[in-house]
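Note that the chains take the letters A, B and C in the order they are written out, and that residue 1 is the start of every chain.
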Amino acid sequence: MAIKVPKDREVPFGAITPAPVRQQELFMTSNWRIVRPVIDHEKCTRCFTCYIVCPDSCWSYNEKDDQMEWNWKFCKGCQLCINECPADALTAVPELDFEDGVVRLEKPF
Amino acid sequence: MMQAFDYKKQILEPIKSLRGAPREEMYVPGHRTCAGCGPALNYRLVAKAAGKDTIFIGPTGCMYVANSSYLCTPYAVSWIHSQITNGGAVASGIEAAYKTMARRGKYDGPFPNVICMAGDGGSVDIGLQAMSGLMYRGHDVLFICYDNESYANTGIQTSPTTPYGANTTFTPPGKAIPEGKTLFPKDPPQLVIGGHPAVKYVATTCVSYPLDLMNKVRKALNVDGPTFLHMLAPCPKGWKFDEKLTLEMGRLAVETGMWTLYEWENGQYKYSHIPKTYKQVSEYMKYQGRFTHLKQEHIAKMQAFVDEKIQRIKAIAVEAPIPTPKAKA
Amino acid sequence: MAQEKMLSGCAAAAQGAKFAEVEVICSFPIRPYTAIMMELARMVANGELDAEFVHGEGEHAQVSVALGASAAGARAYTGSSGVGVTYAFEVYSPAAGGRYPLQMAIADRTLDPPGDFGSEHTDAMSARDQGWLMGWAATPQEVFDNTLINYRVGEDPRVMLPQFVCQDGYFLSHIADKVILPDIAQVREFLPPYKAPHPLSPLCPVSHGPQIRPDQGAPMDAQRAMTFLEVPKVIEEATDDFNRLFGRNYDPYLEKYKMGDAEIAFFIQGAHANTCKAAIRHLRDQGVKAGMVRPRWIRPWPTTQIAEAFSQVKAIGTVESSTSYGGATRGGNLIHELRATLYDMGNRPLITSFMAGLGGDVILLEDFYYMAKILMQMVKEKKTHQLVYWVGFEEE
């Protein structure tokens, strides 16, 4: 009796997988969003609110440039950051206005 | 030989500001949770506060299925799936294993933070037995009930923490039952407090107050023995509100008295963010589709329930609130 | 220094766990297995065994605690009987599929309704498809030995499966017989410490059990099925080592009794096999060529070994101490797998089944004689008249 599992259907031993380190690349959610948050660095007071309220950790602080940085790969466009920013530094802009705007696929992935 | 043993436990310092919070993410981007998911933000803050020497137990629920689809997870620390029924028990087994392995010299790393992240169902409904067993036995485990007030992952069904009057797929309003849900919810922290002698610290949190939340997580982890956190995690899909309002819903819950922020430590209650004047519950309910079917008499019933809860708090001293991001004007 | 003691099955199981130096034990009381936990509690309290003794809040919790402990890298031990075994059912597949080699001692007991403390195999048998290793002991010595052998096989990196170590409630669990307890040094040579391949640890983060796509479900099942192809080799190695180190003489899979020239044979698991052997001696005195095959493992089912053992026999009666209501024979369980095992044999034997030892019944010598008479009639007429006989209930 020989069983051979096709490579694209393999499951690791005991369904045990390695932990991700900084991002889970196997589940990019960029194509979920309809709008993206655009930051006005002048208005931004570096209060770190956007950083703390994002469920997907899409805002991080770039020490070198003293600027908040946005993660294109994972932002779902929920607008929590836009809604919570106390300095009005964030605006929602339609995703497809951007050159690198992610096209909504017909299937989720 | 069984004897007292010095387990290498870390003491976590309080976080003084958002800027001062640890920058490392232990709950990383790349998960299938809804946009604006309250529980996901909650998980991120808990993981951030706990740090890298942590093991999470994830009973079945939104924070299992949505997070770990498919064959990948967003947890940068060790994590294990458990049944919705047994989060407390699996966490107990892990803690017991580390106790014995450390004592025998089989493991000499830092004693891990063992945290069970259970939904409301996995904490006080189907998971109640295991949660109580854990609390009773005194394991050094933090049991977290992330409360989105329904069995959300299966498509929003009522749970024991679903508020009175909520529309869920098991409590739909109709001609015979106009309010939808007729039962008032269980009070999870009260189930734990007073009845489990080994528990020394219980607290409630809300995602809208992230510093308060992270510091309560750290405090709970520092306490020896079992601890319980009841964490409000607004759910845009289940409560039917615009996903950008997740934190607004959390604030309104506190400002109307639907949710109370407090700590219970060694028999003493300490409250924070107590409003000078409470807003009417209708201020909270008007944003949420799960309440739009309610008539005046139902809302009045809800108000009476909350008023009674508030009365019990008014007598106790209020502690100075910890700094928190300002709400938009 | 090896010592000889008079121990019941329960006491023997507890000694097995002690010699295996289990690290996390999770208890919950239910008759008749409770004595195992009481014995272990005593050992832990006296410092004879350095283990965490966790008071589970129920059997479902017991297996869950053991699962968590095993995932973290500790050798975990638990047990139950009757409805306790069925209450924990949800966790059996997660334990096996997650590859956590915890051990569960089962002193079997009739299932409700209503309460019945007597022995019956149905409780454990109902879990046999969940992916655990499984087998019944026939003597307290074998209970002790199986405890060690099961950890050795279950924790082998080629296997990594949890184990049900079963014994008849009361007949084995509560009746004492001679047990030779070895030297701890011998045990340590036989059973290395448990090393989880990917333990839950802060030192090397892993995720145990993320959700899978439906198309990954079948491959997950296949992975679990393929493991059982590896298990026999490990059982053979372990049994050889065990025999060598401890001076026993176990066949890896089966106890074969007077099968050399047997014309009729019994297929029976557990302690009632001892009565069966006595009956066979009497039958042989009467000129009946009877024999017995007792499986020591039913998961993995020793297919080739059973086929070989029965290759010359003319009629077999399985002794069913478990029920399968509405099943093909309207009787028990063993007959189904035995018939499947022997179906392709040229000149295959006649096979019937005998419901006996249910509810706590003793199986008497007279019962075996009754069964033998039926088997001999079958041989004479070259025909199976009934697929199941309810011993003591059949109309004469």
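In this text, a contact is a pair of C-beta atoms (placed from the backbone, for glycine too) under 8 Å apart; a residue touches a chain by one contact, two chains touch by 3 or more.
All figures in this text were calculated on a predicted structure; none of them were measured in a lab.
In terms of C-beta pairs in contact, the better-connected of the chain pairs A-B and A-C is A-B. Chain centres computed from CA atoms place C at the largest separation from subunit A.
If you average the CA atoms of subunit B and of subunit C, the two centres end up 43 Å from each other. With centres defined as mean CA coordinates, subunit B is found 24 Å away from subunit A. Distance between subunit A and subunit C, defined via averaged C-alpha coordinates, is recorded as 52 Å. Residue numbers of subunit C whose C-beta contacts span two or more other chains: 205-210, 212, 216.
Contact of a single residue of subunit B with at least two other chains is seen at positions 69, 71-73, 75-79. Counting partner chains per residue, subunit A shows two or more touched chains at residues 11, 15, 17, 19. Considering their complex, residues 1-2, 52-55, 57, 64-65, 68-73, 75-83, 85-86, 88-94, 96-101, 103-104, 106-107, 109-110, 112, 129-130, 132-133, 136-137 of subunit B touch subunit C. Those residues of subunit A whose C-beta lies close enough to touch subunit C in the complex are 1, 3, 5, 9-11, 13-19. If you check the complex, the residues on subunit C that touch subunit A are 97-99, 160, 197-198, 205-210, 212, 215-216, 218-220, 222-223, 225-226, 229.
Across the interface of their complex, subunit B is touched by residues 11-12, 15, 17, 19-29, 32-33, 46-49, 51-58, 60-61, 71, 73-74, 76-80, 82-86 of subunit A. Contacts from subunit C toward subunit B in the complex involve residues 23-24, 26, 44, 47, 50-52, 54-58, 60-61, 64-74, 76, 90-91, 94, 193, 200-213, 216.
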